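Chain naming follows the written order as A, B, C and D, and within any one chain the residues start at number 1.
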Amino acid sequence: MIDKRYENAREALHDVFDGAAIMISGFGDAGVPHELVDALVDHGATDLTVISNNAGGGEIGIAALMKAKRVRKVICSFPRMAASHHFEERYRAGDVELELVPQGNLACRIEAAGAGLGAVYTPTGFGTLLAQGKETREIDGQMYVLEYPIKADFALIKGLTGDRWGNLIYRKAARNFGPIMAMAAKTTIAQVSNIVELGAIDPETVITPGIFVQRVVKLVPAAAAAVAAA
Amino acid sequence: MIDKRYENAREALHDVFDGAAIMISGFGDAGVPHELVDALVDHGATDLTVISNNAGGGEIGIAALMKAKRVRKVICSFPRMAASHHFEERYRAGDVELELVPQGNLACRIEAAGAGLGAVYTPTGFGTLLAQGKETREIDGQMYVLEYPIKADFALIKGLTGDRWGNLIYRKAARNFGPIMAMAAKTTIAQVSNIVELGAIDPETVITPGIFVQRVVKLVPAAAAAVAAA
Amino acid sequence: MQRMTREQMAARVARDIPEGAYVNLGIGVPTMVANFLPADREIILQSENGILGMGPAPAEADIDWDLINAGKQPVTLLAGGAFFHHGDSFAMMRGSHIDICVLGAFQVSVTGDLANWNTGAPGSIPAVGGAMDLAVGAKQVFVMMDLMTKTGESKLVDKCTYPLTGIGCVTRLYTDVAIFELGLDGAEVIEMHGGLSHGELEAMTGVPLRSRLPA
Amino acid sequence: MQRMTREQMAARVARDIPEGAYVNLGIGVPTMVANFLPADREIILQSENGILGMGPAPAEADIDWDLINAGKQPVTLLAGGAFFHHGDSFAMMRGSHIDICVLGAFQVSVTGDLANWNTGAPGSIPAVGGAMDLAVGAKQVFVMMDLMTKTGESKLVDKCTYPLTGIGCVTRLYTDVAIFELGLDGAEVIEMHGGLSHGELEAMTGVPLRSRLPA
């Protein structure tokens, strides 16, 4: 029997290694697998490359990774946000390398990795600092920049509901990078709020088919748990 | 009020022009918008470039277009199928140009068009006849072929249910090329079995958001109509 | 000279957005345009984080932090809206499916170059988000900004001195004193507020301006 | 010499497909492998036309022409299955998410080159479908075919004479008389049926063969 369910976040992250490239879904707070990232802090893996839209804010999630000095490099589009002081501190100290990527190029480079493409020509960023030193080409009268795939060893993503084959659905705009990161990582670990029987998710509405997900772990988000306990 | 609904196939196709590039969804019979294609035959537009997985079989759909000598060029992956005699006849007569594309390259070239990419490096086809004369490149130890987007003036696709904003859901494996062709054509015309009120399609389950669909027309497939009448 | 307020500018931009348009409103002042869209037009707002059919801000009790806009503010979803992932969202932008995007700017050049992501100030942490994708991908790029900096320099310039977001991408510039169409032929004034003369406007900006207005 | 039947070959391939594998079975004989998958293993079949979790053929009354496999035959969907579009389907292949694909072939070279889409016969109409994508993308490519043509020529060759589908992509070759592992070092016999000697097999194929079998 295929069973991708894991008992807890610690076990789901057991083989994360120092130096790993890790994708983390989310835009703002929506879709960030905070509980998985907290478990990654506890895990202790260091020298990580983090691929995410943001570089963490406040004290939890990626910010906690930053604070614990576990991150060697960040690939993201928008590191500067409310309360991104932990990233800023490490960045200014020269501890963290930043690869700033336009958000759509981040998305399509992740998609290229998932789809096995070698590189893509994208119009975004042409003529800007973010394309400096990159190969360019004119195609049909428009200028494009050659961009390479972004792959990862692990993707930590957040779904709403999953099953033991790894099928996932998401919740509203928390979907964001989850589906494309799931396709681009060797090992995709999804935290979900519910795990259901096989077949309970309508096959027409599956957003991430299980083939892209290696591990599913039910984690009740801390905020929801607090509400439930109140 | 945005209202993309059309009364009938004829009106939905009113501005198709001679020489147009037309995508037609479907794999085998599933997802082929037969009734729209029949209306295209009646419309009379000629000198068409047809982009589709197959080149038509039997007497209806793309085969009827072939028979009526409306097609100048076919871009497809699998023109030879059961009862593809109309394509074969025109092809052997030298009337129809064939651009044979591996199915996955067909898909990713259509996706590239929809996503505004200038070109992509794909591993598929490297070292084969279908990559002859094409630019290649070694990336990270693997060889890739440079492939360009396939765009279209019109896409004729088949959904299950639509609404007046053009949101679509599909039915089982009839989904196939519909969602990616919708993104790659200037004007996408979707035939659906049902049109519902705005909001009746769960926003989590919309497969093709209305932004990619310009016209929606309710057409009862002939087979279904025959069953209903029996 | 009377300058338009931000609300007035937002209302003016909103007037130019036609029925049926798919529109992305950038973070900050452009977001205000949503408040002024005519009630008799159906206009569909896209948010880069995977939303089509964004509605107004929710009541406090209805706030859902999984339903936010690009500025991370809570929003709602209209009937007919849809969710999708970041790949599809940026395909919408890059693939020219968005009719109009409205962005803020530090500088805009007379030929439509846009600088809105980075002042290049030493020690600043750069952040780009979706600005470059929108700039290059939307069918029309509207910029709204004050014409002058607080220190009196024109933000409509011959050539941007700040790092570029995109080249020749801005089609129309809405400012607090005039509206310009931009293109390869340079800037053309299409509307003026506050009673400036053409010469005064040229003097303020320091760039040559054509005009579509009666002399 | 006794040769395996197609059913026996399909059963033999099925034995090598492990629990949990994501598998794509090519059109024709490879499709038969599905009938022999061990009941005690969960193996997930992918179909290029947008299906994961394909089940067996339906009863006549349950045939649904919107639910077909790559060979256009009616199939069913297992609980846990999913539908997706062609872009995602071929991303699964090209992106190396499929563990094993099983294909037929006209010729296979000792280093794993595959020729299975076109005999190059004059006047034939070429059709490629998804063969090239599967060949290049699946983690392992199994080919099943008769070792010899009807006219007695080996289909395992030093170098393919038919147009190629992919280069160095076939990892394992299942034939009616032997099973081979292929790679940069050439072909290695890992299993033989029907009592041929190694020398006889080499003589039949005309290519040098290493062997993992006891001499």
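Note that in this section a contact is a pair of C-beta atoms (placed from the backbone, for glycine too) under 8 Å apart; a residue touches a chain by one contact, two chains touch by 3 or more.
Note that the structure is a prediction, hence the values are computed from the model and not measured.
Visitor: Look at the interfaces A-D and B-D and say which one is made up of more C-beta pairs in contact.
Guide: Greater number of contacting C-beta pairs: B-D.
Visitor: Relative to chain D, which chain has the most distant C-alpha mean position?
Guide: So the farthest one, by centre of C-alpha atoms, is C.
Visitor: Can you give the whole-Å distance between the Cα centres of chain A and chain D?
Guide: Inter-chain centre distance comes to 35 Å.
Visitor: Can you check how far apart chain A and chain C are, centre to centre, with Cα atoms defining each centre and the answer in Å?
Guide: 29
Visitor: Quick one: chain A and chain B, Cα centre-to-centre, how many Å?
Guide: 33
Visitor: Counting only residues that touch at least 2 other chains, which ones in chain B make the list?
Guide: 108, 111, 115-117, 122-123, 170-172, 204
Visitor: Could you pull out the residues of chain D that touch at least 2 other chains?
Guide: Residues 77, 83-84, 87, 90-91, 93-94, 137 of chain D each touch two or more of the other chains.
Visitor: Taking chains as nodes and touches as edges, what kind of graph is this: line, ring, star, complete or other?
Guide: Topology of touching chains reads as other, fitting no named class.
Visitor: For this entry, which pairs of chains touch?
Guide: A-B, A-C, A-D, B-C, B-D
Visitor: Touching chain B in the complex: which residues of chain C?
Guide: Checking each residue of chain C against chain B gives 19-20, 22, 42, 44, 46, 52-53, 77, 79-84, 87-88, 90-98, 137.
Visitor: Tell me, which parts of chain A touch chain B in their complex?
Guide: Going through chain A, the ones touching chain B are 108, 112, 115-123, 137, 139-140, 142, 144, 148, 169-172, 202, 204-205.
Visitor: Under the stated contact criterion, what part of chain C meets chain A in this complex?
Guide: Residues of chain C touching chain A: 47-51, 64-68, 72, 77, 83-87, 89-91, 93-94, 118, 123, 125-133, 136-137, 163-167.
Visitor: So in the complex, the part of chain A that touches chain D is made up of which residues?
Guide: 1-2, 111, 113-117, 163-165, 167, 183, 197-199, 203-204, 206, 209-212
Visitor: Please give the residue numbers of chain A that touch chain C in the complex, ascending.
Guide: Touching chain C from chain A are residues 27-31, 53, 77-82, 88, 91-92, 98, 100-105, 107-108, 110-111, 122-130, 170-180, 207.
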